[in-house]
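Here come two complexes built around chain A, the first alongside chain B, the second alongside chain C.
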Partner chain A sequence: MAHHCCSRFLDLSRFRVLKGNQVISCADILSAMLLRGIGQKLQMAYGLNARLLGFLKSSRDKVILPCGDIAALVYLWNPFTIVSCVGLSTSPIENLAVVLALFGAVTRRVPLAAFGFVMATHLSLYPATLAIPIIIILGYGLDAPPIKLFLQTRSVENEKSSTSTVSKQAKSKQTTHLPFLWKTVAHFLFWVLLWSLYVLVLCALSLNKYGGLEEMFKRTYGFILSIEDLSPNIGVFWYFFAEVFDFFRNFFLIVFHVNVLFMLLPLVIRLKHRPCFLAFVYLAISSILKSYPSVGDSALYLSLWALFVNELIDMKFSFFLFCGYLGISLLSPVMHNLWIWRGTGNANFYFGNAIGYACFQIVFVVESVSAMLNHDRALRRSSSNHGEVKS
Partner chain B sequence: MATEKRNKEEEEVKTDDGSPKIKPRPIVQLGIFLVAHSPVFSVVFSAAGVLALLILPLLAKNTYISENALMPGSARSMLSNRDVSDGSKLVKDIKNYRLNHEGQVQKLVGKYMSEMVAEVYYQKFHPEGNQFHPLHFFSGPDSYTLLDNVSCASYGVNVAGIIRAPRGDGKESIVLVTPYDFINGGDYEALSLGITSTLFSLLARVTWLSKDIIWLVADSRYGDYRPVAAWLSEYHSPSFKVSDLLKCGERNTADNFRRAGTVAAALVLKVDGRSERFEDTLSIYAEASNGQMPNLDLINVVNYLAVHRQGFYVKVEKVVSLLSSSWLKIIGEIFEAVGKLAHTLNPDWNFGIPVADYLEGSATLASSLYSQALGIPTGPHGAFRDNQVDAITLKVSPRFPPDSKTRQHDFFLRGARLLEGTIRSVNNLLEKFHQSFFLYLLTSPSKFISVGVYMIAFALLVAPLPMVAASLYIEGCKALTKSTDNPTENLKSWKWLDAAKQVFALHLFGFIVTLLPYFICQVPGQHSPSNRSIMWGTTSSSLLLITFAAIPGCSPFTSRHHGTHWAVLKSVTISAAFIGLCLMSIINFATAEIGALLLVPTCLMAQPIKPALRSRRIKSMLGAFCSMVLLTIGFPVMFFAISKGLFGEGLVGLSLGGEFWTWLESLWAWKSATYLYIGMVHLPCWLLCLCILFHPS
Partner chain C sequence: MACLVRSWIPLLFLQSFLVAIAFGSNEGEEFSEELLLKPLPDRKVLAHFHFENRAPPSNSHGRNHHLFPKAISQLVQKFRVKEMELSFTQGRWNHEHWGGFDPLSSMNAKPVGVELWAVFDVPQSQVDISWKNLTHALSGLFCASINFLESSTSYAAPTWGFGTNSDKLRYGSLPREAVCTENLTPWLKLLPCRDKDGISALMNRPSVYRGFYHSQRLHLSTVESGQEGLGSGIVLEQTLTVVIQPETTSVETNMQPSWSLSSLFGRKVVGSCVLAKSSNVYLQLEGRLGHESKNVDTEIEAHKLWMNSDFDLSLKPDRVIRESSSLLFIFDIDKSSDSEPFDLGLTWKLPSKWSCEQAPLHASRFLMGSGNERGAIAILLKATESQEKLSGRNLTTDGRCTIKANIFQIFPWYIKVYYHTLQIFVDQQQKTDSEVLKKINVSPSTDKVSSGMLEMMLELPCEVKSAAISIEYDKGFLHIDEYPPDANQGFDIPSALISFPSHHASLDFQEELSKSPLLSSFKEKSLVRSYTEVLLVPLTTPDFSMPYNVITITCTIFALYFGSLLNVLRRRIGEEERFLKSQGKKRGGLKQLLSRLTAKIRGRPIEAPSSESPAAESSFLSSKLIFKIILVAGAAAAWQYFSTDK
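And then the complex of A and B:
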């Protein structure tokens, strides 16, 4: 009888696992579809801008890569995604919320963007930094070359009319400033407020018996911020906070968390004309400096990176980075096995690997940003050349 | 390794920018210099790697007891004549018992144990257990599947007795294992039971024990390893499913499996054959699966006690044929001469060792490397290492014939004292063995090479790979930019993608080939090993043809000129080989070292044969010839045949496939990572080198 019960229970749990798996793989597929949607919008914007700046008519006619399809494929076929899906991690759901927020912002569905943003922040806190790129997308529009370029081209070419909102605005005002759509942003903020109120009320209702909202904040955000769980992961915090003296702990907690916030402002000043790319950079940085990072986060930012293949085609060290990511992702399970299972290695083996991973991620982000800036520079150079030739 | 990568990176900076404005830093300049002269440096580094491997016996350090708590030999032995007579009586009884066929010997041993106030129980196990399953690599020891339809025809019975420690809390234990074939065990084997029984009778009454002692008499009818593994898996992961095995035989053994605490260490004792030397010989076997070793302190304690207290001659396994090899002798003489010269120059330089020591050291080192590389445990201690327990096998060969009574008394006394001293040391431990080395190679029982030293040889050997990869990558990119002036194809930094596709396809192929034996084993009917190997070979080659046909640009026989440039392909291949070798060096160093000796020259020498033949220059012809020879040797079956020939077993012609299959079967039966290495790193890289060789450039 006991045996029978046991097997029934096993069946039930297996069924549950299967169900959980379905939810997670559905989340992954949905994210990929949304990424494709974002990519199509970005591709359209890229083509439009290129035509406006007069590159597509020129002799070195570029083929625009279908970045949405590439990003969706990169997301679905990434081993990191597959691993986090098979391992029943919750990161696909967090990723879905983030992608949903970006999709809503790109397609200007403000309530959707606000919903995704609130859910992502509620689930893993770090996407809160995405508020800045989303507001810029809603306020200024999609990724585009710097506004100066358009003015330059305009002054040289004296074109009559165009369909782009950007160029229309630029034309009507003839200033270096784009109008900021305060109304949409206020709309967004209102919806954020509404959704967060909604989520909090629901949480408060369901957690009534378990200590209420205060307990929830302590157990979720508090857990993320105070780094209580020091079990090894692919990040760099667990090792440091396992070693640090207790009376320094609070100080270093502040230092480590400020690290993430520290880079927000400089980046937004430099990359304000490319808000989607800015979102990618923020996500990548937070996945490096997260308290409990996972490969699911890398899967997200790698696929977001693939949205910009047209701009980042000249990125340097691609082969080196590829080899590095491959080597590290093969090495880390082996190191973990050596330390935890075989007992012949020690924590330094695995932590060295985590440091290597962080270094590769940093090189990746730095190279992506510099490739993007180089792309803008090249545009400026070629547009001025173009103008000279024409005139 | 890190600097190499950095070098490569910096080199790319310069080539991609085109206009270096700032003068690069010295380390960057060094990197550029290394990459620019990569052919010279790769030869230098590879030669240095081989030289460092030969020098290793010189660099071996003397072992020392690292953990202070062990204190071997500091306590006086409490063993008395009464204990020894207990042991002798057991041996005599077993002999009589078996002569008169009075029934199960296990019962007799159990009776003796319970007389010494130990808790006794019997465990039945099934001899089968090692079958190829792709998921069993790297999985824990509890993956032995319970067979549902076991027959009562063949099963073994282990006997185990536990002495509870008077001073312990029952949370830790030490295991003594004596494998004994209860059906047809010889007289020498019974002596191991005698020694352990002597010790057990002492341990039953001592007051200093703080860890429980388990004496396991393993039924070695079906090999030494399996009974111990079965006992350990039951000990650590009890199965709540009622096995059919329990109904077999007269005694119902259900429910009485007893446990003590976590196993701190284990000693396996075997007695066999007569010693060829004047003293009693003690051989230490330490290699467990996948080249894992027990903590060096355990070997140190046993070696110290055996040499300095009990006067055994201690040895570890060595490759005997190397002792008489002339080329090694010449190298040894050169090293000795260099050492002497250095000593005359500066009396503080004492690295020279005599030729005989060098030969001994190299022979032992070679054996150590070989058994680690094979990944097959050298004794039942391997089962313990799979459960993260430090264990070694001690094989004692007495110098007297088994029926000599007077010598036997002395032999029992010394053997039991050795074990007593070791157990007393381990008993002192407060935590697991952790102080000394886990990663080391032995060159004699009292000399070792630590991981920091032997890694240098490997690092030097693989250092050329990233260097050459970087220089080839730059070269290939330049060539591609020159050949394609198509403006649509301005994927500046993504030219490696095509080559990566090909490398990935062939690695996928390697993965499938690695898994194929699992399906071939499922083919119904009895097949001989050679038949199975033929099946494997034909399936793999047809798969390879399909791969070549399905993925255009992958095959070396396409005549398309806009395929990948061979330099880029070689660069990606070398990178893949580098990652694979580095990975393997962490899983199993010895495999990676031997694999690197084979794979590094093959990868470095591979170049298209067509232009070399067309140019008709001696240098390029020689290069092509070398790469062809290396590729021929590098084929796994060929290498297997050659190494068999070298070890003097003779080439066997037609049955070679069958033998190769049997060898591989033994590898996967023991879950050796070497098998994975051959299938997933060596074979794809070898095929890629072949593709480069026949590249239509």
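And then the complex of A and C:
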């Protein structure tokens, strides 16, 4: 089962198998290359927007970091990536599908985006939430400061740019809203439909003898949603559902799954001008609240985070979070070993670790969102100051 | 006179009724009681009680039984049981010393705990329902937790590995079931004389449960009458096998202990059960034919057999029968009475040594690996020094001599077996599947739904010394409620069954013995089987005292996530508000109202802009008021609607 990937820890005997898992290492390398591609696009957009707003001219000391290279390096050299690759987890393949979808959306290759999206959803269900950021990327374009700023700037400066598609469109329509490219989005939806039909037909054909699609949904999505497997992983659900009383089980299942969906709308409202960052937040949230999380998921959202180093450069608690991640990744194998293999620790040791990990991830996501909003605020402040000075 | 007649009439009725009962029992239902005693090579004595109750085919439903237990016949009728066997066992059968190749051991050496299998005579779709109902009925009947076999995780449907080929067969076993006198009492209730009279009077509870092994078994099978319109008859076979160590005062260590029934059981047999058609006691001595003369025709020769230089019997046997490798003394206990109770004794005079016939391969099973995450199960088959090995040999088409061994094993779902890791070693050399594996049938387990089953047929060369099978598994993690009260003790994996389909055990008596059900069942060929040990697998346990802590801590984390993220998203700083306000100034109207509303919700005092007129404020207030009124009215209407609906 593709989605069943618990955290596997470094095991010396596994190195022998390393030769045989070229598929997984290739998937990792490919994801890193695609991340680099996304990063280059984002970097270009960042530079362009900064110049448009006159932000770059005013603060010459600020250099644009090559975020694509950083993200690719973070992905490849992340111990979590290495562990999930060595442990033969399937999460590199799921990550590849997610990155493929984002890459397709960023480079406006609609069929590719649809394919990545359908495959990622098929493999692990949770990337279904990525539909929203992908549609926004395709409809409105890449990450940019809020549109209000451009209008403000333009009204002050009466200056126009001929290169930015965003401002071109904005200028041509002369409205406060960006035009939404319905055609591209419809194109995307059509391709999603096509690819999912294709995947489902293939599945139906291959599972014809074994109960068909209904059985597949029950055994894959049903398995994800009902959290039947209680083997320990890096999340908190396995212990929760091993301990919770049976008559509350359904209630908590609903509450926890709804929690994933609950934040989708507020985040869209607040971050609609930054769809790529929105995708990162969605992935991070789903990797915290996933039924069977693994460190491979963390590897993905950490490298996506690295795409926004320019914006998130003054994030709070970064050292604290770094130490937390480091401590958890060192402690959890120890606790797991103490509990499962030596029998000297008990389940609470490992669960305490998982709780700590969940807390650090939550703080990480919250601080990233906060830093991004602060960055927008700072842009606005500086641009309005800039405008006032000019006028 | 009239008074006399009146008192006579009921008596006459009673008498005729009793006569009818007596004749009724003669016409069909038969009960027989037998006891087989057998000294074992390791200074122990085996006592095998055998009771057989036959109900002939009859066409009347709700029939009136004289001897046959009504509970069992109702069970058979209700659940359409074709054949069934239930056994309660404590202790392990020692295949090495107590024999593994005779009908007694292949039929009565059972796995520890409760074992139940049944073949039903119902359509395929109803077999599972019948099985579930049967387990509940038996559970009530025998005061045991057989109803745990109801859940689909604890039973399996063997296809060919069990030895009985039927698709309506269900098999389940409970290794941890404690067997004690509360299971024996209902079992004895099924006997016509209970334990009050006849051979069953010997079953003194302390001496039975003091033994090294005891297994109480109930086997029932229906016999088709073959006639149209006539129902089927039932044969109920109840056996109790006990292995007891006789108390000995002898100082000589190599001398077999002498015993008598009263020293073994603390009781004597006083007369037979009057309802029994035959009640016999047998004494089987193995390996005593080498130096005996061939013919037992003359009285002196017969006398020599039971009173010779080796041993003495305290009673004179009624008959002596010889078998290929053993002697059988038959005693009829009808002659015994209160004044002269039947108390058979055996006194050894000379040290004596013999060995029992063993199955071609001795099976044992063990666990490998450490830790609570994964492990492996290994089944080891070792060659025994069995002369009988030759008799079971069969040559394959290309002239090789082979031994066939069937392995049947049930895995509970929390033992997640990886069937691809199956490895077979013959004489310490790994063999590929095609070399030794003739047939294999695997049904994988489903978590919390069904147990896994492995059936395989090995074909080993005759000169094999040892064969080992190993299979790896992962341990499952269970919900807190699924653990038994003492979770840290571990979980029991039921015994594997090793059977040898080309080997059959039987005793070939030279004389015709149609009268005794026990001996005729011994004469029939029975499949040689042996059960392996029960394995104890420790599983990881969660902390059983923590549910509330875990729930509260996890929910706190969710609150942290939700609260802090929402807080970050809705936080706005002064300048943004000013911007909004300036926009609101331009637009006025609704926008301003909204901004005010958001400010109100946030509970932040908002400095009223000077341009705002009191009229606007009043309109705002009124709209708020109207909203409130509508809300309350809506709630009232909804309440009214739902309350009248009921």
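Here, the second predicted complex is superposed on the first by the 366 of 391 C-alpha atoms of A that agree within 3 Å, B and C clash if a C-alpha of one lies under 4 Å from a C-alpha of the other, contacts with A are read in each partner's own complex, and residues count from 1 in each chain.
One rule holds in what follows: contacts are C-beta pairs under 8 Å (C-beta built on N, C-alpha and C of every residue); 3 or more make two chains touch, one makes a residue touch a chain.
Predicted model only: the values in this text are computed from it and were never measured.
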{"item": "Chain B versus chain C as contact partner of A:S318, first or second or both or neither", "value": "first"}
{"item": "Chain B versus chain C as contact partner of A:L230, first or second or both or neither", "value": "second"}
{"item": "Which superposed partner A:Y292 touches (first chain B, second chain C, both, neither)", "value": "neither"}
{"item": "Which superposed partner A:V334 touches (first chain B, second chain C, both, neither)", "value": "first"}
{"item": "Which of chain B and chain C A:G343 touches, first, second, both or neither", "value": "both"}
{"item": "Chain B versus chain C as contact partner of A:L326, first or second or both or neither", "value": "first"}
{"item": "Residues of chain A touched, compared between chain B and chain C (which is higher)", "value": "C"}
{"item": "First, second, both or neither for A:Y221, with chain B first and chain C second", "value": "neither"}
{"item": "Doubly contacted residues of chain A, that is, touched by chain B and again by chain C", "value": "341-343, 363"}
{"item": "Complex interface listing, chain A residues touching chain C", "value": "228-232, 236, 238-246, 255-256, 259, 262-263, 266-267, 269-270, 288-289, 339-343, 346-348, 351, 355, 358-359, 362-363, 365-366, 369-370, 373, 377, 380-381, 384"}
{"item": "Parts of chain B lying in touch with chain A, wherever the complex brings them together", "value": "5, 8-9, 12-13, 16, 138, 140, 292-293, 388, 432, 438-439, 473, 487-488, 490-494, 496, 500, 571-572, 575, 579, 582-583, 586-587"}
{"item": "Chain C residues within the chain A interface of the complex", "value": "370-373, 447-448, 476-481, 540-543, 546-547, 550-551, 553-554, 557-558, 560-562, 564-566, 568-571, 573, 575-576"}
{"item": "Residues of chain A defined as touching chain B within the complex", "value": "59-63, 313-320, 322-324, 326-327, 330-331, 334-335, 337-338, 341-345, 363"}
